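Order of writing sets the labels: A, B and C. Residues in every chain begin at 1.
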Amino acid sequence: MLINPSSPHSDDGWLDRNIVDPSLKSERPIVLETKQLHVYYGDNEAIHEGDLKFPEHRISALIGPSGSGKSTYLRSLNRMNDGIAQVTGEILYRGVDVNRPEIDVYEMRRRIGMVFQRPNPFSKSIYDNITFALKRRGITDKKKLDEIVETSLKQAAIWDEVKDKLKKSALALSGGQQQRLCIARALAVKPDILLLDEPASALDPVSTSKLEETLLKLKEDYTIIIVTHNMQQAARISDYTAFFNMGRALEYDETSRIFTSPKVQLTNNYVAGDFG
Amino acid sequence: MNSKISNRIAIATLYVIASTIVVILAALLGYIIISGLPAISWHFLTSPARAFTSGGGIGIQLFNSFYLLILTMIISFPIALGAGIYLNEYAKQNWVTSLVRTSIEILSSLPSVVVGLFGFLIFVVQFGFGFSILSGAFALTFFNLPLLTRSIEEALAAVPDEQREGGLALGLSKWETVLHIIVPAALPTILTGVILSAGRIFGEAAALIFTAGQSAPALNFTDWNPFNISSPLNPMRPAETLAVHIWKINSEGIMPDAKAISSGSSAVLVISVLGFNLLARFVGHRLFKRLTAG
Amino acid sequence: MNNKLQKQLLKRSKASKLERFGKTISFLALMLITVTVFAIIIFVASKGLSTFFSNHVNVIDFLTGKDWNPNVTNSKGQPEVGALPMISGSFVVTILSALLATPFAIGTAIFMNEISPHRGAKILQPVIELLVGIPSVVYGFIGLTVVVPAIRSVFGGSGFGILAGTFVLFVMILPTVTSMSVDALRSVPRYYREAALALGATQWQTIYKVVLRAATPGMLTAIVFGMARAFGEALAVQMVIGNAALLPTSLVSPASTLTSVLTTGIGNTVMGSLQNNALWSLALVLLIMSLIFNLVIRLIGRKGAMSK
């Protein structure tokens, strides 16, 4: 029973929707789950429904044409849309609904970190970029900070490139380095989940493949959800893929199935490159 | 008339008008500097004014101008920063915000003499500060707040939203993000605004004649205890500034060399304001480079 | 349900407390400014109105009376506080200086933006920024030492008066009006000009018939803004106008403005006396005019926005 019962077969064999529940086939617990998620910008409904479950220590990719709502959906997960859009429905983080006003959004965001489309290092030194949030949270022990800087930069696979210029401005790094620094910065606060919003869209192919390698390693310790407009990228790195179209998650399945035997015609058209 | 001829006449006229403006400024600046420079000497810049005889200087007035400027900035900068932050980062588009914006606009267009009179009424009379540096600093704060708030707000607005998102995504509050990331990133622009407004404060007189007063009692420049009456740092003493001094000696000055002193003071005032302008450009440029360079 | 996690996520974090603190404190700073503006209006109004309520001077008499001599009581047993000389003095210098400044400002703005943008940016822009920065007392001093003697030698008399005030204010408001006019011209889209030129219009026809029309609301705002500055300027005018509280009869005889009487008078009267209250009434007139200028600028802005 992997198939959503509300999605009957149409006449020509295609499904209207096909949302798979990963917990039924993998032993991995579900870390993040959305139920009846709707997002509105004023009177405009941007996400009509997105009921997805994300398993622990896996990479899930969100794909779809531009304007399909994949980024809006991702940004709703750690409530970056607060004050911008209205988000209704449940966002269950390890069973706790975090889409409630009484939830401390700052503590939640520390556990559900985010990396953005354009690298956004602060205009501070590389070292201060990593330690900034830690210091604000009261960690001042120099030795401990040094240690975290080193581990996070190593995790983000940028340590060797910057270890001799930690005091230099982060803005002097290349775009790809900046993006990996931003990942290191997100890792430094020890999150549980990492959300990435088209993290490679501003990078050249070499930086992109470095970033992908990094993500594959990070999967061992973190749950990763990544929005990408690059289908090859999704195919290369993700375990699960969700296809979004017009504000709706139409299909969600193991990545290999999405790309080889999709059940929804629109998914098929999209991964075949017919539109996007 | 032929449209080509009228075109030529019109453009020639525009050339004349534009050159006239340049000539006016050149004449103004030339007059101020040429008539003022001969009066400027170390003695002139450092010695106290004389009421009835010639040979007085502007030392105390010059010190007062700077002290008042610094005090005004100390009071007005935190308020303008807070207001600018709220307007740019928190304010929603509703009637409260538009009321606040309107009132800031009103304050910025109020004649400075009205601001001075209000300062006189509140600080000099009601609070009993008398004619004092403190009263003057508060009056200048009102005078300074609208423009400074606006320039801080614009500086903050120029910092890309990605920087804010970067802070928020780390689990930091918006306040921490703004204070420790956005404000430092906007610092070059903010400082430029501060220095430009400093030039305006330095030359302001109308708001001061009834608040900081029109007399400059002798100061003992060896006594830096702010509680002593003759200490330069005492904020409760009356303090005629350089700009007020120029007005004062031209309205009722009786020293024989009033004109030379005014010329010298005007030159000092204009050179200082030009200095503030140049400094603003320089600081903005330098800081920007330092923040972005490796 | 994960109870431990739920508890951690429900606890108020340091960040959340800081957020509330920061939002409150920055809001208070903003409110301080707003409250100040209201306080200024209320205090000046209450002082200014006491002439009419405590001293029972008739408002109409105040606004239309031609004699300003608060120490003297007239035949009706009322003090002579006719503010017409100052009100008309203020209006006359404001209107004259704006009339004089407008062609120069708009001409320069057109030159900077349409005729020679390169020289505009290299020479005129810094020139105008410098002019804005010169303190008003310096303008007053130059008026006193250059303009007044010049008028004296041409027209005779003392040289003090409306004409001298007009000249000083003209130079003072010129940079402000010019730079705002430049902004207005800049906001006219480039394709307006290209379309007109492509139809065979000369450069001047393009400027006059297309660009200036499109920029009219912005230019009007600039002029009204300059007038507001001229109306409120105190010391520079006070130094050259002659300070005689008489209805202006000639451009070269001593006159006075609201601001000039205020600056010379307020220090010489006793708080709470009629003489003092009458001066506050002048300040109230000044305040009301400043609000009216503000309102006019808003109305122009709104109309300009609608016609676009």
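Going forward, contacts are C-beta pairs under 8 Å (C-beta built on N, C-alpha and C of every residue); 3 or more make two chains touch, one makes a residue touch a chain.
Quantities reported herein were computed from a predicted structural model and do not represent experimental measurements.
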Centroid-based (C-alpha) most distant chain relative to subunit C: A
Most centrally placed chain - per-chain CA mean versus overall CA mean: B
CA centroid of subunit A to CA centroid of subunit B, Å: 49
Centre-to-centre distance between subunit C and subunit A (centres being mean Cα positions), rounded to whole Å: 55
Between subunit C and subunit B, distance of the C-alpha-averaged centres to the nearest whole Å: 18
Where subunit B touches two or more other chains, by residue: 171-173, 176
Two or more partner chains touched - positions in subunit C: 13, 15-16, 19
Multi-partner residues of subunit A (each touching 2 or more other chains): 106-108, 136-137
Interfacial residue positions of subunit B with respect to subunit A in the complex: 160, 162-163, 165-173, 176, 180-181, 184-185, 291-294
Touch list for subunit A against partner subunit C, complex: 93-96, 98, 102-108, 136-138
Subunit B-facing residues of subunit A, complex: 78, 80, 106-111, 113-116, 118, 120-124, 132-133, 136-137, 165, 168-169, 171-172, 182, 185-186, 189
Of all residues in subunit C, those that touch subunit A in their complex: 1-2, 5-6, 8-16, 19
Subunit C contact footprint on subunit B (complex, rising order): 3-4, 6-7, 10-11, 13-15, 17-18, 20-22, 24-25, 28-29, 31-32, 35, 78-83, 85-87, 89-91, 99-100, 103-107, 109-115, 117-118, 120-122, 125, 142, 145-146, 149, 171-176, 178-179, 199-200, 202-206, 209-210, 214, 243-244, 246-247, 250-251, 259, 262-263, 266, 269-270, 273-274, 276-277
